[in-house]
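Just passing along the structure, written as structure tokens.
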Amino acid sequence: MARAVTTQHKTIATAAAWIVALLIFFPILYTIITSFKSEQEAIQGFALIPSGTTESYAEVQAQSGYFKFFLNSVILSVGSTVLALLIAVPAAWSMAFSPTKRTKDILMWMLSTKMMPAVAVLFPIYLIFRDGGLLDSRIGLTVMLMLINLPIVVWMLYTYFREIPGEILEAARMDGASLWNEIIYVLTPMAVPGIASTMLLNIILAWNEAFWTIRLTTTDAAPLTAFISSFSSPQGLFWAKLSAASTLAIAPILIMGWFSQKQLVRGLTFGAVK
Amino acid sequence: MATQQTRSLARFMMAPSVILLFIWMIVPLAFTLWFSFQQYNPLNPIRDGFVGFSNYALFYSNPAFLQSILNTLAIVVSVLVITVIGGILLALLLDQPIWGQGFVRILVISPFFVMPPVAALVWKNMIMHPQYGVFADIARFFGANPIDWFGQHPLTAVILIVAWQWLPFATLILLTSLQSLDTEQKEAAEMDGAGFLSRFWYLTLPHMSRAITVVILIQTIFLLSIYAEILVTTNGGPGYASTNLPFLVYQKALLEFKIGQASAGGVIAVILANIVAFFVMRAVGKNLDK
Amino acid sequence: MGNITLKNVSKSFGSTTIIPNIDLNIEDGEFVVFVGPSGCGKSTLLRLIAGLEDVSGGIITIDGRDVTQEAPAKRKLAMVFQSYALYPHMTVAKNIAFPLKMAGEDQATIDKKVKDAARVLNLTNYLERRPGQLSGGQRQRVAIGRAIVRQPSAFLFDEPLSNLDAALRGTMRLEISELHHQLKTTMIYVTHDQVEAMTMADKIVVLNAGNIEQVGSPMELYRTPKNLFVAGFIGSPKMNLIEGAPADKYGAKTIGIRPEHINISTTAGDWKATVGVAEHLGSDTFLHVQTDGIGTINVRADGEVAVKHGDTVYLTPDKSKLHRFGADGKALAQ
Amino acid sequence: MKLRTLTLGLLSASALAFAAHAESITIATVNNGDMVRMQKLTDDFTKANPDIQLNWVTLEENVLRERVTTDIATKGGQYDVMTIGTYEVPIWAKQSWLLPLDKLGDDYDVKDIIPAIAGGLSVDGKLYAAPFYGESSFVMYRKDLMEKAGLKMPDAPTWDFIKQAADKMTDRANGVNGVCLRGKAGWGENMAFLTAMSNSFGARWFDENWKPQFDQPEWKNTLQFYVDLMKADGPEGASSNGFNENLALFQQGKCGMWIDATVAASFVSDPKASKVADKVGYALAPDTGLGKRGNWLWAWSLAVPAGTKKADAAEKFVSWATSKHYAELVASKEGWANVPPGTRSSLYANPEYQKAAPFAKMTLDSINAADPTHPTVKPVPYVGVQFVAIPEFQGLGTTVGQLFSAALAGQSSVDDALKQAQDAATAAMTEGGYIK
């Protein structure tokens, strides 16, 4: 900022921004608050101060052990993202540094594969998974999530790579680097911010994928989306329990998102935005 | 520009992605096309066989069909409008010097991390519920009658929830774009006597146009297939008021197990998506080339 | 060793021909400068030699070995890029060490070579810095350091000084020349700046629209330009090229006379003229004079010459330094 | 650090997999309170059968139904025990998708199962699913409010009485709605209620030739009565209220009457969860004097899919979960009131249960009042009280449910809703080959 800003201006802007931010955050905040209420309290009407009981968490944990679902969520989201990166980095490299007339079309085609409604292909996929023995397997689902997110990964990486001057890669080539070394030692480290945010975004997307993860799993591979599905409409008063389950389901990704917020934001610009 | 060697290497390195995605697209699509001409209901396996276009005819004659297409478009367009305009306003606000910017950003980005079923559950039960929801509490506090969101304004309710989920995404991309605007340019415009509005209109908005297209492109892809939010909140109703195309296909596939019709619906959805994609990508592609 | 020959080399992108057909021989240890206006294909030619582009036809050999189909890494060449192309995520030491690491040298050798290079290039104190923390000249030196540690058979420079300011450019020019004397390795240097070409080269290759216009030592080119293009390109200020009646007098379509080869007198001479702008540099004075029936002629005069705007002067070209060109633009015999 | 955690996680996960050297069976179940309780009590089973390990998949009703139906129809083989209802059992058994339960054990006492329930779970005299809990529907009402209104609930009320009582009880200023009924669309939600209700109005889904009957006056009467009643005396947002929502409302004291599943009785009379636990009275579902009452019959039951490779272990589990022993186990741990109701006659003969569950008699009477084989006043070609046991019903029922839900929300008129329902049903029946 080249100029001094009046305190008054800053105060007003701060107040407005905080109010809006809190409004946007409110549903999440209220869920967390409610999770520390008893069921009776939860239904009593609006109240921001909970009694602080953790009985809902205990009950949720007793009903469906949290850890196994959590672990599956981590494995599936991280696994599929890493796999997608391994496949997408070479492709993005090609598109960015050896583009052809068709590069743009290929990219757009890749993105368009995401437009097929999942339900329409559930049966074919289910049959394929059944015959491949992939139902309820982490591997099958990891591959599935990888495929779902691959177009976005390729696209994001492509836009980052395009920002990297080609001369540097040529310099590496002149310096005797093989393609592999070029990608490992030069391209990847230079694209770290972009790759990091691609990773984060895709972990989030994979974590929150709630169609296939519920329909292709039973127990062994079931992640937190399946966990929440067992709480979504049980009998009786359930606000506190639902809130506790919801909080548990979103907390890991929320916390990860908060901590990596800077990386994520930097990456969300898709290179092209600037 | 590169050597033949790097070019062929490039082809080779693109191959895994392209082949995988091609298989991922073509195999289910082929199945879906095939099923769409079959009478296939796993609950009633006796009646199988080729039925020509009758699945399409049945899907088309479904009274929910036309409305579901309109609803699909309504959701996409409304959410885009809300998130882009809201995102611009929020970005402008967050671009001001404020205390605790980092924390504010964390709060604003948070809804993006919430998985769709949870978001829908929270909004349905704790925010919009006509008895226990916070909106109802507020309405009663002011002596008004609580709004029965899912009964009276189901599509609006779904749009609101989805918009809440995607607003952070739009805001952040637009904010980053805004922050990359050259300060000197702004100051030059100020020296030229441009007021806030004209600066916004002639300087800021054109600068953000690329970011806006990115937001539109990415969101369109996801908004076309919105489904969990509807399933959790309104179940497509009342009537067909909040049924969109993916949800209608869902009903056919997983409620009625009319795989033939669901596949026909899927094919129609793919066609619709491609029409939308065609226009969006045309616009976006042009903008991205700049 | 670094003898590089190009035989019949051509390059086209699609239907656009960048370089038609070029034969060129570069001797071991020579400092060769490719010079020409932007877009003349000199960078492309360099990249063809480097292997960063494929030739469309022809053969490139290095020390007699056909490398036309070889990958850049295998050609044992080193290149310094216009943008320096340093690895921003590596320290200076790592940048310089990178080619050695790629060559699979052991760590001790790498360390030693990096240290040596750093000492030669005055970079010892900056080894742990990142490129982003260096000045333009320092970055340039790092790029050179990265090139020399490999002990390549030839260095390729792609307009390496164009991003530096004038003063620094002068210094770096000297440093590179000095380096060449030390290493005695073949260097191919691309520039659009004829001053760099004249000051550094053993041999200059003047390129125009993909064609080699003339190859020769700086003084050869200065003294005997083969054609109008070379005549106009080499030398600063530019040679005066005159057509029409004055040229006819010498039996040529065009005559050329360098500004420093014109005598100026306030009393008598071949051409009567009026002084326009006079640039007094102290050592020299550059005069832009309006000559009747000829146009503007640049004259380089003594630093002390006392003429001012509007004065009438008389110009006389030094006949022995006069260049004559035919209708095809080629130089006629003296 | 992250990597290490991940590796540790992977290791412990694979350790878990190794520990499962015993035969493990996967049980798909709905996330209702009774099933959740069953999950907590599985130690009792695993102690007796140390070689069988249980994997639970607990899902909400709709997702569960979707998952198990997909699985059984495609022979996915993901589950060894499935929790399904009286709707699925006859259809699936006919397709030979279920194994007949003939190895339930000597002390299982199949004859003890309430005949109406057993009938709904048997095909050709063979039991294909064992009832975990059974239910009918009845009227739950607030005795205090009824008294305040100056009325007395008969044991077998008519719809007119319900309307009259609801009008008098409604006190919206104090948040009291005269009557709470299901409005949320779904064949198992509002259509379960409305179909059962229509039976008492003399309506039917289809005539003997599978011709849909929504164009008949009986349906018009049913739906009109329902919409009017809810408009006058129902809660806000009724079109999104299902069982859970109404339960919450009633427990909070916001309903004068609630006509719903008999299992709800144990929740509304539980002082820990209900504000009105000591003020609840029960009555049979209403009628209009035509000979049928508006109550349904349903049993969440455990079945073993034909595709399982662990049929013996699965059946062992089914036997345990639906046995008298299990009832006693629940009684000893959680009290008699929490025993899954509606499956065994012996439970209703048990004086301890009668004492703990004041609604016991009314529940049994309600169950006995339902007749799935003759559900309606006029003859019909199908079985099922609140559903039509044909595969097409899930989809059709939900479609019609949407239409009726829209009528309740005021988005369309009763006549329009019925007309569209008639069209949808005709289309579905034609497509299914029922109407030639």
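For reference, chains read A, B, C and D in written order, and residue numbers begin at 1 within each chain.
The criterion applied here is as follows: a contact is a pair of C-beta atoms (placed from the backbone, for glycine too) under 8 Å apart; a residue touches a chain by one contact, two chains touch by 3 or more.
All values reported here derive from a predicted model rather than from experimental measurement.
Chemist: Going by average Cα coordinates, which chain is farthest removed from subunit D?
Modeler: If we average the C-alpha coordinates per chain, C ends up farthest from subunit D.
Chemist: Between A-D and A-B, which chain pair shares more contacting C-beta pairs?
Modeler: Result: the pair with more contacts is A-B.
Chemist: Centroid from C-alpha atoms only, then distance subunit A to subunit D, rounded to Å. What do you get?
Modeler: That gives a centre separation of 37 Å.
Chemist: Take the average of all CA coordinates in subunit B, do the same for subunit C, and state the distance between these two points in whole angstrom.
Modeler: Centres of subunit B and subunit C (C-alpha means) sit 57 Å apart.
Chemist: Go ahead and note the Å separation of the Cα centroids belonging to subunit C and subunit D.
Modeler: 90
Chemist: Whole-Å distance, subunit A centre to subunit B centre, using C-alpha means?
Modeler: Between these chains, centre-to-centre, one finds 16 Å.
Chemist: Got the subunit D residues that touch at least 2 other chains?
Modeler: Only 66, 70, 74, 248 qualify.
Chemist: Can you tell me which residues of subunit A touch two or more of the remaining chains?
Modeler: 43, 122-123, 127, 229, 232
Chemist: What are the residue numbers in subunit B that touch two or more other chains?
Modeler: Only 1-2, 132, 254 qualify.
Chemist: Which stretch or stretches of subunit B touch subunit D in the complex?
Modeler: Answer in residue numbers: 41-45, 47, 58, 61, 63, 129-132, 136, 145-146, 148-152, 231, 234-241, 243, 251-252, 254-258.
Chemist: Going by the contact rule at the top, pick out the subunit A residues touching subunit C in the complex.
Modeler: 165, 167-168, 170-178, 181, 185-186, 189-190, 192
Chemist: How about subunit D: which of its residues touch subunit B in the complex?
Modeler: My answer: residues 62, 66, 69-70, 73-74, 91, 95, 183-186, 235-240, 245, 248-249, 254, 391-392, 394-396, 398-399, 401-403, 405-412, 417, 420, 423-424, 427, 431-433.
Chemist: Could you please specify the touching residues of subunit C with respect to subunit A in the complex?
Modeler: It is residues 50, 52, 71-73, 77-79, 81-83, 85-90, 98-99, 102-103, 146, 150, 156 of subunit C that touch subunit A.
Chemist: How about subunit B: which of its residues touch subunit A in the complex?
Modeler: For this pair, the touching residues of subunit B are 1-2, 6-7, 9-11, 13-14, 16-18, 20-21, 24-25, 27-29, 31-32, 35, 90, 93-94, 96-102, 104-119, 121-123, 125-127, 132, 134, 137-138, 164, 167-169, 172-173, 175-177, 180, 183, 187, 210-211, 214, 217-218, 221-222, 224-225, 227-228, 232, 245-246, 249-250, 253-254, 259, 262-263, 265-267, 269-270, 273-274, 276-277, 281, 285, 288-289.
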